[in-house]
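Chain lettering (A, B and C) follows the sequence in which the chains are written, and residue indices restart at 1 in each chain.
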């Protein structure tokens, strides 16, 4: 074999991300023109978060699937992916946006860090869970919520009056159970696979953001591939984009049935209610992003906003 | 190939009395440099840092620190007197009380090592004073401490549930049952031991003295109450509870009992740092080794070997396999790596996934006291200042008790499964 | 040898002092964080990561004192069985191994630290460069290498080495051991 392709991610086997990563690995292993030995290392076996990205920089890992938030420490512009009430809630529109030139510009901003962001994999819209109904902005005030270490997400939660708590994902279940934290935000399949429905009574269908994953490879490794291999990998990764979505939708259905059986109260919000939440969160987050990223940020933000507007 | 070189050189160095962390590091370096994948070696430095860059590991230094404050001050002494006054006269009473204390501690701590340093130094002198031998006492403390992994909350069980997608609360309940069976097994052994050595036959303390001990124990009892109440009341997470324990112990010892001056407290923290480093550097080196073996797909190969085994002996095979893995790899990494490999094979032959979780975690808990690589063994060596050889002899009978309990829950699942089934 | 003695003792003191401070800092960060969150609804984001960073430093700085005081754990069955002269040779061989391995990690750690600092990567919730995590390796491993070297020289010349009790309260180290009746097994 001429090339090794280790694909690392941090979720358990059977997660949509894992299934799609395996799809990529199988496609490459089965390739006739390109001699690659591909393996998937799930569940943080090779590293937990940012150390995986560093692994690509130092040459110990070839490919990583991680939420865009984890790239913020390397490239602050990637914080855009964490914006609340910003991304299209229509799935086809979102996918078209992910494959647009405006997004390509944003993704290419990681190249200077030795990381080539190949594609965005959508793993479902985020919803809030809590032990009470969260309908208006005021309902959030005073609650403690788990937050991923991302400045944008912290700002979003603080804008709602939440107390953001950064804690390891594995401890979140116990913390929700004991009441050390009251709420958490994640796509439905993630909430389901972490079993949070056992310790939360309400699910709010806010679709307020994404936990979209970047399929990224080491630039140095990518540059060493033959053009044929590069093409095959690109194709496999775009196919993976669809595999993730199909799997996510399938598990989402299964999860919603399980939540209903469990007696979780599912709250649908009206457009007006969603608009109020958007008003409360998006402007302060936007301001933070611009203050941190200057002209560069302004440019990226405006081009993505233009792409969103043209899609509607 | 690389992994066999790693293991062989590490074992050779261990037998040659090299520091354990050095033996693990040297084995990994040799395996990596000469037989490993083509990969820049700086990754080894990164893995070494990432091995200890883990939030839940913070409980280790903090509980060591709390234990040092407690053992230097008056809290420990008062707690021990209280326990002696209540159960000292019963045959095996003090040993059983140790088991129960560890079980209670297990209900607050999610990892199997913290009890050694937080309970060990308190009960150890008391056990010795009542005639229990050094090896029995150390073996008992190290073994009973693993109850923290079985009795919920348990980090290993959460990791298992997430890997296999099964309900955490269900696995917790199975773990509670497993913990209770193990408590019974350990207590039975304590009674047998006490009867054979004619221990615990002294006079019961007069009621007035018992009352006095209870009264003196009130402030120290605040410590477990603070930890329990704090975690279950949602004030802090288990890791933060360790910090709260340090603060409570420091305040009580300096301001209430006045056994420590602030300057002494700071000097104490310097001494604790050395004990803490003995453990942290081991965790770092051990996790670098685990990372390398995962990269070499060692756990996957072991699981593939298991799939050759006929259905009826699958449970036995799982026990043997996980026990062996647990001898080398730390429990939390082991759970992540092996459960997704084993679970499908086990479920195919009709093993319940909740039951399997209890079996796997119990095996790994036993792994903490089995040679050559058991975290509790190393913590025991630095806490009780005794040699590796002596600890080996000390834990041997307890490994026997553990394996009997393990067989019981493996082949009589109804012993533990009635709890989760009640809640289903 | 004398010229090495003074700087080493000074480094010991300084390291012990920093370790003590780090341990106290970790305790206070986690405690204050929990209290502020529960009672005041104030989140100190970044406390978790800072505590982890301090723990990483405690690991490698602490390991220097560990080597200095020979407090590391080992399976010392063989060493106990050997005659003093042979044991001395074994200790010297192990010291040489220690020098090699720590020097190797010093070089790797240095390379890694330079690379991560120059990438400009930030920690995820603390306004510091991520490279601070990795700097602990060259610093700690470098110091450990010197400590192994000194132990090697001390084994040859029979010089005294610091003990754990030099850095702690004397009673503490002895507490559990004193209670144990000698030779009772």
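Just so it is clear, contacts are C-beta pairs under 8 Å (C-beta built on N, C-alpha and C of every residue); 3 or more make two chains touch, one makes a residue touch a chain.
Owing to the predicted nature of the structure, the values given are computational and were not obtained by experimental measurement.
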| item | value |
| --- | --- |
| Most central chain, judged by mean C-alpha position against the global CA mean | B |
| Chain whose Cα centroid lies at the greatest distance from that of chain B | A |
| Distance from chain C to chain B - Cα centre to Cα centre, in angstrom | 23 |
| Length of the line joining the C-alpha centres of chain A and chain B, rounded to whole Å | 35 |
| Distance between chain centroids, defined by C-alpha means - chain A, chain C (Å) | 38 |
| In chain B, residues with contacts to at least two other chains | 42, 46, 53-55, 234-237, 239 |
| Multi-chain contact residues (two or more partners), chain C | 38, 48, 112, 115 |
| Sequence positions of chain A contacting 2 or more other chains | 54, 58, 167, 180 |
| Parts of chain A lying in touch with chain B, wherever the complex brings them together | 4, 12-14, 39, 41-48, 51, 54-55, 58-60, 167-168, 170-171, 173-175, 178-181, 193-195, 198-199 |
| Chain A residues touching chain C - in the complex, by the definition given at the top | 49-50, 54, 57-58, 70, 72-74, 113-114, 142, 144, 147, 149-150, 154, 163-167, 180 |
| Touching residues on chain B, where the partner in the complex is chain C | 13-22, 25-26, 29, 41-42, 44-46, 48-49, 52-55, 57-58, 61-62, 65, 68, 71-72, 120-121, 124-125, 128-129, 133-135, 230, 234-237, 239-240, 242-244, 246-247, 264, 266-278, 280-282, 284, 372, 378, 381-385, 387-390, 393 |
| Chain A-facing residues of chain C, complex | 37-38, 41-43, 45-46, 48-49, 112, 115-116, 119, 121-125, 130 |
| Chain B to chain A touching residues, read off their complex | 37, 39-40, 42-43, 46, 50, 53-56, 110, 153, 155, 158-159, 161-165, 167-169, 231-239, 291, 294-295, 297, 336-337, 340 |
